[in-house]
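Two complexes come next, and they have one chain in common, chain A, joined by chain B in the first and chain C in the second.
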Partner chain A sequence: MVDRYYAELDQAEKEKRPVAYMLVGGNLTEIVRSFGYEVVFPEIVALNCAIKHKSLDYILQAEAQGYGLDVCGYVKNDLGLQALGGNTPFGHIPKPDLLVCSFSGCYVYIKWWEALAETLNAPLFNFDVPYQRTEKPLKEDIEYMVAQLWDFIHLLEKRTGRSFDMAELKRVLERSRRAEELWVKYLEAGKHRPSPIEAYFEAVFYMFPINVLRGTDQAVRFYETVNAEVETRVKEGTYPVPEEKVRLVVEGVPPYTNYRTFWDFFRKWGAVSVAATYPKVGGLFDMGFYHDPSRPLESIAEYSLGAYVNQNWPLRRQLIRQYIKDYQADAVVIHGIKSCRSFTAGQGDLRDWLIHETGTPTLYLESDHEDPRYFAPAQIKNRMDAFFESLDQRRSSAAATPGRSTP
Partner chain B sequence: MALVQIRSPGNEDALAAPSGLAFSPDLREIRALRGLDETVRMARELIQDNTFPTARAWVKGGGHAAAFFPVYTPQELAHALGLLPVTLHGGGEELEITHADAALGSFLCSISKSTLELAITGRLDPFGAFVFPYICDVSRNLEGIFSRLRPNAVTHMLHLPQNFTSSAAVPFLVAEYRRLLEKLERVAKEKYDPSALTDSLQVYQQNRDLLRQLTELRRKEPWKLPSTELYFLERLGDLVPAEVQTPLLRHALDEARERSRPKRDAVRVLVVGPFCEQPTPDLLALIEEAGCYVVGDEFNMLRRWTPKVELSGDPLENLARAYIESKVDIGVRATPMPKGESIVARVGESEAQGVLFLTAKFCEPALEDVVLYRRGLEEKKVPYLHLEFEEKSTSYEQSRLQVETFVESVLFD
Partner chain C sequence: MKAAAGIDIGSTTAKCVLLRGKDIIGRSLNPVGVNIVRDAEEALRLALQDARLDRSEVGFVTGTGYGRFKISFGQLTVTEISCHAKGAHFLFPGTRLVIDIGGQDTKAIRVNERGEVADFAMNDKCAAGTGRFLDVCAGALGYDVAEIGPISMEARHPVKVTSTCTVFAESEVTSHVSRGKDPKDILAGLHASIANRTLSLLQRVGIEPEVTFTGGVSRNEGMVRALSARLGLPVNVSPLSQYMGAIGAALAGQERLDGGVAS
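On to the complex of A and B.
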């Protein structure tokens, strides 16, 4: 499916079909696709490069242009890749005809898209998504976003010469909604004991359709297949780790450059993620931020507000507490990354809150999602081993002391 | 002048706020200042005292104070409610970071850590409200940390729009300002009154006019008003009411205009990047000592963001419109024009011979802009130098050498 997607992008370039670049959080895929655009998500391209161990080449290229060590790895991967012609091991990334910056949860989005606009001489539309500071979206925020969505639609009409078709948008949103419900069903399978899913490492692979192919039949079919597989796992008793020993909530972006190594550090201890925040960067569907064909633009606005990192810290803390309870987690692992201040600034405080105010054992680790120079395997493994060993000891001593609860 | 230095080296209780300079509640000691040198000296002392003596004095006199993280929040809103608005520019070079690192992680700017350290160590106790504008993800997230750390204080994250062409941006920002006002009302124990806000707009307009004249004097005749002096005069406004700062600015302007000083053979530079975290005073002084005239900068953008706010009509809408229609080019808002063109235009306006990028370590908005700015400058063959700094920089020899080499290369090119 991923190969087909990149092949389609390549084809779009050859056929001179319009291409829009978008960001994952709060993206406007449905609207853009209804005007015939192909969509590139440079964040996803960047993480694919990192998994394929190519990101450092592009990062170094961007650093040679002047982007410093402290600039986000996604940004450097993308700008380095563009400078080198857009060729990746999985296909050629076409240049954009339009840049759509959904400013939802990350300030760097603004800077990144400005750099692309100036470097590639492409028009830029800023969709300003207010930061989510209340549980329910505020009327003024929705009105502001819906007004911008109409501006955006008019811009697309002007650029493509096509008229906006609300009925078509509703049909696309219906498929989005269906995929979102199936995705949530998959994520909620983590509530089973033992968990038939790995809600971090495995779910990250399954995020692709909900972010990139949302609104297509392909995405719906994918999640139907995944959920059928999960049901089979439950029936047959085949689980992500043979013996589930620790149920985790994981917070933070994974180190894509060392994905399997990092995952192995968990598996070794029988630790399985039953819920995670990172798969919600595209939208908090499990918290009710679904697209709704009966309220098309309003629900797109609400969805955009609902990107995980667009939630303020009180809402993030509340969500993680809810996950710990609903998914019966034993502990939390936080993975902070150098690149992303949006995700990471305050994760130390989160650890303090989890330990002292919820009594949840919590481990905080640091590396990077794109830049392999920041992943120190021995140090990370040592810290993880010590953490899981102490959890194991607490469990053993609790079992030996009747009446004492296990972590 | 009745200034009492009561900080005691023996009183190092980790979580008790050390006391620093002391003032009368009406800040008469500051109001009484007249000479430019005296004002600059006092401003420098105040800025370097991280116990916020003016806010302590204000609160001791029965008032309430609100703290604002840089770069821009219209402090007129606090002023109209009778609050003392204070800008938090970090903890400076004297503050030891012992607690905040654990809460924030390794890869974050100094100002975020020192601001949190100030709160953890009780130095921000005089403030009843903390406002963090969405200038970057770190500022935004700090609000959530403060809300946990100071549950009895009001905290607010102000979402400043990034879409400047939408007709809905002004109404949205008015709604944002109303949300902020509702919270500030709780601290001030006063209700918002539009006529009081109009009065505040007028007070700040006078203040901004004087700052603009001072900035213009420095641009035209930098030998009369060194940048370090202008810097401290401006920063004074972070800590005292506009009504206190304005007469001091007027005196300073009159005195500086009359100064008779020789013009040096120095390079006129535009300083770009330090719009939030501030370099140490020693680093600022070094730039001029090494042979530069700073003829434009981004040190204190709060009062330059909205050069003029309309006074007739709804004051909230006027404030919002001034923000949306501002043409300011700065790393923490979407660019009004291509960055390359913008920097070249700013170089032209300030008649600078070169650009000095002075960016805080880990400040992503500044670091990303530098690349685009550099391209624009290279195209027009404008020389530039890039230095990074942190709040606690201690050795400047490397920076001095770099600036001196830059100056020589421009002078003898």
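On to the complex of A and C.
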């Protein structure tokens, strides 16, 4: 499916079909798809490069152009890749006809898109998404965003020469909603004991369609197939870890450069993620931010506003606390990345809050999602071993002393 | 009764402790080179020699420290974090917070009343504030690292050492020397700088008495005093503090022996 997507992008360039670049969080893919655009998500291209161990080549190219060590790895991967002609091990990435900065919560995104606009000479539309500071979206925020969406639609009409077709948008949104419901069904399977899914490492693989192919039949079919597989797993008793010992909530972006190694550090201890925040980065559908064809633009605005990293910290904390309870998790693992302040800043406080306010054992680890130079396997493994050892020890003590619960 | 051996392979030294029941019957300490398997074997051999014990009398071998996976002749590996907690609790049962400063790592470990790890924090990607930091700075002043603790305690006007990087701290020390500062005052400044850095790590897990100081740097009296002053609390130190990881590993092995696990 991923190969087909990249082949399709290549084909779009050859056929001179329009291509839009967009960010994952709170994206506007349904609107651009209704105008016949193909969508490139440079963040996803970058993480695919990292998984294929190619990201450092592009990062070094960007650093040679003057981008500093502390600049986000996604940004440097993308700018380095563009400078080297856009060829990746999985296909050629076409140049954009339109840049849609669909999430403004991260200042770096805007600067990244401005750099692309300048170097690739492409028009830039900036969708200004207010910060989610209240539990429920504010009416004023929604109105402000819907007004911008109409501006966006008029821009697309002008660029494509096509008239906006509300009926077509509703059809696309209908398919989005169906895929979203199926995706949530998959994620909620983590509530079973033992969990038939790996809600972090596996879900990260499975989030590709919900972010990239949302609004297509392909995404719907994919999640139907996945859910059928999960049902079979439950029936046959096949689980991600043969013997589930620790149920985890995982927060943070994974180290894509060392994905398998990192995953193995968990598996060794029989630790399985039953819920995670990162796979929701494209949308907090499980918290009710679904697309609604009966309120097309309003629901797109609500969805964009509800992007995970657009939530304030009290809301993010409550969400994690809810996951711990609903998914009967024993502990939390946080993986911070030096690249991304909007995801990572505040995670140290989150760790303290989880330990002291909720009594949940919590481990904080740090590396990077794109830059392999920041992944120190021995140090990370040592911390994880010590953490799981201490959980094991406390569980053994609690079992030896009936009536005492594990901290 | 068979003995349990705990071998701690750290970044600079290998330590071995032999335990029979609750008694430490032998120990050893030797430098670590590139051949960790050989260093571990040597540590065990020296400890057996110290205890006047035959290898066949050892019922269980536990490895700890960064080199633990190389101890091919052991039956168990445990992280040094759990081992330091266990070892500190064994020697000082009232311990609630362990400060372990070794060659490359500084660890803050909060311990519960059973000697189990409740929380921990470690220095990240940087050896400033560790034993290596003291080694480098002692060298810059022309001292051996073993002498600097007592000398630092003679300071009258400690200087401020602001660097948080081992390499830059060395240049800072050189700069103080060239400005004619007394080496005693520079050394006191260095010890205070490590104490400040350690304090921030300790605050991450929560400071609670009793505090036990372990690892190679705990042999440095100047460091013990600087930490105690910064914490405003007495700090437990044992002549065996450097062996705390190995003691914890031996205890973990002893528990297995008590539970009926044969070698």
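The definition used in the following text is that the second predicted complex is superposed on the first by the 404 of 407 C-alpha atoms of A that agree within 3 Å, B and C clash if a C-alpha of one lies under 4 Å from a C-alpha of the other, contacts with A are read in each partner's own complex, and residues count from 1 in each chain.
Basically, a contact is a pair of C-beta atoms (placed from the backbone, for glycine too) under 8 Å apart; a residue touches a chain by one contact, two chains touch by 3 or more.
Treat the numbers as computed from the prediction; the structure is a model and nothing was measured.
Once the two structures are superposed, chain B and chain C can be ranked by residues of chain A touched, with B on top.
Contact with neither chain B nor chain C is seen for A:395 once the two complexes are overlaid on the shared chain.
Shared-chain residue A:347: touches chain B; no touch with chain C.
Once the two complexes are laid over each other on the shared chain, residue contacts for A:382 go to chain C alone; chain B is not touched.
In the superposition on chain A, A:355 makes contact with chain C only, not with chain B. Residue contacts after overlaying the shared chain place A:95 against neither chain B nor chain C. Touch criterion met: A:366 reaches chain B and chain C at once. Across the two superposed structures, the residue set of chain A contacted by chain B and also by chain C is 352, 366.
By the touch criterion given at the top, residues 101-108, 112, 134-138, 140-145, 147-148, 157, 159, 161-163, 165-169, 171-172, 175-176, 331-332, 334-335, 338-340, 361-365, 367-372, 374-375, 388 of chain B touch chain A in their complex. Across the complex, chain A is touched by residues 66, 78-82, 112, 114, 116-120, 122, 124-125, 204 of chain C.
Those residues of chain A that touch chain C in the complex are listed here as 352, 355, 361, 366, 374, 376, 378-379, 382-383, 385-387, 389-390, 393-394, 397, 407. Contacts from chain A toward chain B in the complex involve residues 65-68, 70-72, 75, 103, 106-108, 110-112, 114-115, 117-118, 126-128, 130-131, 133, 138, 140-141, 143-144, 147-148, 151, 312-314, 316-317, 336, 338, 340-342, 344-349, 352-353, 364, 366.
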